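Provided herewith is a single structure, encoded as structure tokens, for subsequent inquiry.
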């Protein structure tokens, strides 16, 4: 358990030192790298030991804060998430050094480094916390560090807006969590997680309250629709390595919280489980639909995070269904799917954000319509982005498919989903989500990296240095590795899921064997696809060796003077689908069609605002403002009336109470 | 003897300040006097002195808390004053310096007195001594603020006096035998008090001292006074001078609890507490003047204090802890706000943007203080506010808990909007000739010390302090002193 | 020995079934139109000719463009191993249906990106239509699979697409069949969704995506497309066709495929291409049919 | 001597009513001085056991401070103000008189609710003091001129002091003196502030003092 403390301390000390060393950039960089490395080693050992079954005993120190005990522990669930934190944290941190250097002072180095390390450290502590107060402290530190990262470039108004929005959302969430823990604590008599588990069951009303509070508190962080409003604003605003960490790990912490709570409080009701599944699907469909419609590729990625969170939540909901039915096998499968997808999402989403960041830095814009032709100019970045895009679409030879396949099997495999109607519908929804993901990410990758450059910036873009490429490559390698040899990841996921379900390892292992076999078969399939492609590639090159291979312009279908501006744009690419969902998307379009016989300049501008943020929320806020304007008149500056308030209040109380 | 020192030492320093005739050297009296005072208080912590002057003076746990808070706040603020008064050469600082010392003296008097009459006298003295601080800037606005402060303060203090007399009348039944305003007498004979008069007394004391404390709807003077006085005065007002009337209310509550009226008193306190939070929320939303915003935040936290005491033993403990936390955090906020105010020469969002660029450290402290005061871990106010929430939930007062959390959320939204737009962004007219003024060493050292204390108390509550706090909480809820 | 025979027959099917099936379709259309039409093996000849040709690559393109045809063919080949092409599939496990769907998706992804790699606005247009329509076709496919899986009690193509008896299953099977047939038309860009041998780029979907491909690449793509058609068609066949005593499993499959080809030909010659706006409606109709079939299954 | 105290109390109420009705500032100051003197005499008449030295001392201090010192401060404060009349108060004179009358009724009603403390020769003390307190508040609320507000505060204070008489024999006289001193200092400070207001706005009307608001 000391190992965890070492890891956290390494990060914290590195954070402080890098803050003090702000004058000497190279020192600060080395400190950051050293801190990350130390944390990786210590934490990695701990994770390894825990997953190997030789878990360390809890660390329990008295703490002179009312209700608090410094109590940290490690089980497979924690270890699983700690693994994610460390991998993504270290990759993003390393990349960040290159990114900060490459931003030429746009990104203030000191806060970016400091807050990033604090963020990682807080998350590492969070997953180990076994006391509500400690949990909350870690949680809030994480949230505030993320806020610091989001508002790094606070010179830009949109960044300020995003930072404010994020801060408000996260604080409202934290308040819900405080209420939640107060409720549980009053029932259990202490703020220890163990005592929550031991406490007598709450009355129905309070149970419902706990469920709602947890859903809002954790959901605000995870970004369940419609609590996602901060997400698509904050992720583009933050520096890319930060958004990678936030989107790859931090929002998953919301799910960790839910799972932890489940492991403590036991099964939820059947209705609640159905609700969770429905919420997950709605979130996912919403997220991917809006992802398709975006022009800013970091916004697109943010929306796709919402989608993936939705998928994970669906898995968790299925697990809850199993718990509610007291069918541990079902529960195990659902949670395992959710956790496996969480791991995968952490990997490929951070990979995508990192490559997107590299593109942003090279091209100088996040607008898909202004990119293009980058694959010739920055081949490494674009190649890695292609891997990420394929993975996030859940395409077989890569890791994205595994978690989704588990969830599909839950839903469709007879004897598991019990042929429940909602299961089949959910499967259909999942398939829609998958297909839309292909649409969205063929757009994100294809139109950003392929074709011809649409802007000056894109024309002379270059690949970044190894310090940025290395972490991306590592993440991509992990994606492929899990895709080809999934059984190890599956074991981790099952171990974690067994902690959620509360089943002993033995009962797990029986079902685990079958599933790991199946997944290995799928992994072999992926390998087979790769092998076949290799063969065909050789065959093709063998054929072409003896023939002449010429180069020429792309065939313009008879049009003689094509320009790069005439390429198909992102908006037009996603148009056939966005048209279908026009009512839901409510894309704002500004059209100046060419008029007259000799048309002058024509223009087309489209933007898809977030409905929750820009359509539903304002309704509430304006109402609220109207309310407030009335009592505000009371502070009008007339002393006489102030005195009148005092005496009137006095008289009222006298008449009322005396 | 020690009481004489506690009250007399600052008093003498103040008189000395009136005599000394050099604006450069005079301010140095402040840290001097405060150090003496602090050392005496430290001695009190070592051994709690017994009663003196036929029981009129004695320090119990409640008094000790207020006394120590005042001592610490004054010690740090006096260091700040050195630099501040050096920068404000154009003003004579005779009255300012003297009044600060007088305030310390009268606050100590309030803290150590066991006699409601003496307590009142000290309170009135503190009120009057504060007026020159508010009027320090000598412009029309500060004049208006001072006038309002004086009138409302006097009305409140007068009502408090009426309440005190009511208390004495409630004690008529044990005619002749002992001083009817001596707290110990009242407590020991609480059973025989005549309840109607006692109720009346509590109501008058609550409204009277509540006006001084700034509970809604009695708070109207607060934004003006806090907004127009210099930052250091704001810190003293919000941190120390609110604590005295709160002590007065606590004394009254103590007697009510002993007489078996705790239900009645708690009901009133919870009501007025929630009302204050709601009022603060209304005015904090969309507040463009960050010093007025701090004033309303102070209203909010006075409400939280009242609410906490209204929630029984656990709540009282949390409230007393919050008294300390709020004082220290307000110290950070007002001092850093004062620096920002001076760095920009304005205190509304129209003039002040991007403080992080012009006065980086002060702005950072301001931001941190905001995060702390709104109850985010790992800062001290989080602990106390969470404990109050727990107290509410433990007592199954779910409505109260809901209101508490909801209002906290609304207030956070309001404050965040203002604070962030002050701290972040790009300064309006980027001529940084002022920026030198923004962060001068002593003037950021003081709020830094407060910040350190806030973080420390948030992560580690010393055992002795916990003991004192719980002792005070026991006193409040009918325990023997 | 058994496995050897199995693999051999598989290879035969993989190589010959696609061109033959395409040939039969064109032949049928020609006959209905009263023409003689090209020989049935013409597609095979084309493929072989293409394999012997050189290639012209656009200067815009990158390795993605060259990778596209290869991987898409590989994906379809891999998927084919799950389908009982020669009576029994090479590989079959519980849940391979999902794998099948996603392998097709992989093929689509690489084809689309390869098309985008050329930077030609026409191919971009085709790509966008492809992803749009297939993302409406996929739920129909999954729903149909779902009802079949529940009916057969296992989520593997081999079991799902074996003739079943049982009450209510006939109706649901018919509905599943209908939706699958629509999906087949859409996925393989046949009329009424797309017209494989139109020559107006603005209206094409699949063909326009491969405008720039030539030589072996084009051969791969064409063969892959044909194989995809064969796979889905054979699924349909196994769904409806009882095993024929005389022909054995393989024979009956071959006959069934021929029949399907004829049917497709008839459909193509009997109706015209839909307007692109109308296509989603057709697919949504397919989804509804599949859902209804599912309800019937679960009843 | 009960009769005398009754008379004095009645006179005090009458004076406060008169204050509510009068407009001339200097007049008001003189009236309030008179009220202060009455207060000074009153303790000698109210208590059963009559004189004792500290009582005399208090009375003397009372008489001097409230009767001469405080009025002098106020007059000093407004010496350089031209307009010496409260032109149009927020609540007119007639209405404020009526309200005053109503307040007297209310205070008697309130006093009914409270048990009369033993040892008082007259039961009039408490209702009268309450009434005076309320009328003082009313005056603070209803007047615009800063000075009239201070006068209102003084009336209010007098009411509170009256109340204090009810327990004067129990509260140590030092504290009484402290209270008295505090009140004096308060008025002194107010006087200074009024003086500043008069210089800053060259009028002592508080209507200009409404700039700070939300």
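By letter and in written order, the chains are A, B, C and D; residue numbering begins at 1 in each of them.
The rule is simple: a contact is a pair of C-beta atoms (placed from the backbone, for glycine too) under 8 Å apart; a residue touches a chain by one contact, two chains touch by 3 or more.
Predicted, not measured: the structure shown is a model, and the values here were computed from it.
Student: Among all chains, which one's averaged Cα position is nearest the averaged Cα position of every protein chain shown?
Tutor: If one averages C-alpha positions chain by chain, the most central is A.
Student: Could you find the two chains linked by the most C-beta contact pairs?
Tutor: Counting C-beta pairs in contact for each chain pair, the top pair is A-C.
Student: What's the distance between the Cα centroids of chain B and chain C, rounded to whole Å?
Tutor: 78
Student: Go ahead and note the Å separation of the Cα centroids belonging to chain A and chain C.
Tutor: 36
Student: Provide the C-alpha centroid distance between chain C and chain D, rounded to the nearest whole angstrom.
Tutor: 101
Student: Nearest whole angstrom, what separates the Cα centre of chain A from the Cα centre of chain B?
Tutor: Chain A and chain B have C-alpha centres separated by 44 Å.
Student: Mind pulling the residue numbers of chain C that touch at least two other chains?
Tutor: none
Student: Of all the residues in chain A, which ones touch at least 2 other chains?
Tutor: In chain A, 632, 635, 637, 639, 643, 647, 654, 658 touch at least two other chains.
Student: Can you tell me which residues of chain B touch two or more of the remaining chains?
Tutor: Residue numbers touching two or more other chains: 147-148, 151, 155, 196, 200, 223-224, 283.
Student: When you check every pair of chains, which ones turn out to touch?
Tutor: Applying the touch rule to all chain pairs gives A-B, A-C, A-D, B-D.
Student: Contact residues on chain A for chain D in the complex?
Tutor: 632, 635-641, 643-644, 647, 654, 658
Student: Where on chain B is chain D touching in the complex?
Tutor: 115, 117-118, 120-121, 124-125, 128, 131, 135, 140-141, 143-148, 150-151, 154-155, 158, 161-162, 165, 168-169, 171-172, 175-176, 179-181, 194, 196-197, 200, 223-224, 227-228, 283, 287, 292
Student: Given the complex with chain B, which residues does chain A contribute to the contact?
Tutor: For this pair, the touching residues of chain A are 63-67, 133, 136-137, 139-141, 144, 151, 154-155, 157, 160, 163-164, 167-168, 171-172, 174-176, 178-179, 182-183, 185-186, 625, 628, 631-632, 634-635, 637, 639, 642-643, 645-647, 649-650, 653-654, 657-658.
Student: With touch defined as at the start, can you tell me which chain C residues reach chain A in the complex?
Tutor: On the chain C side, the touching residues are 51-62, 64, 66-67, 70-71, 73-75, 77-78, 81, 91, 93-95, 97-99, 101-103, 105-106, 108-109, 112-113, 116-125, 127-129, 131-136, 138-139, 141-143, 145-147, 149-150, 152-155, 201, 211-212, 215-217, 220, 276, 280, 287, 291, 294-295, 297-298.
Student: Spell out the residues on chain B that touch chain A in their complex, using ranges where they run on.
Tutor: Within the complex, chain B contacts chain A at residues 147-148, 151-152, 155-156, 159, 196, 199-200, 203-204, 206-207, 211, 217-218, 220-221, 223-224, 264, 268, 279, 282-283, 285-286, 317-318, 321, 354, 356, 371, 374, 376-378, 382-383, 386-387, 389-390, 392-394, 401-402, 405, 408-409, 412-413, 416-417, 420-421, 424-426, 458-463, 466.
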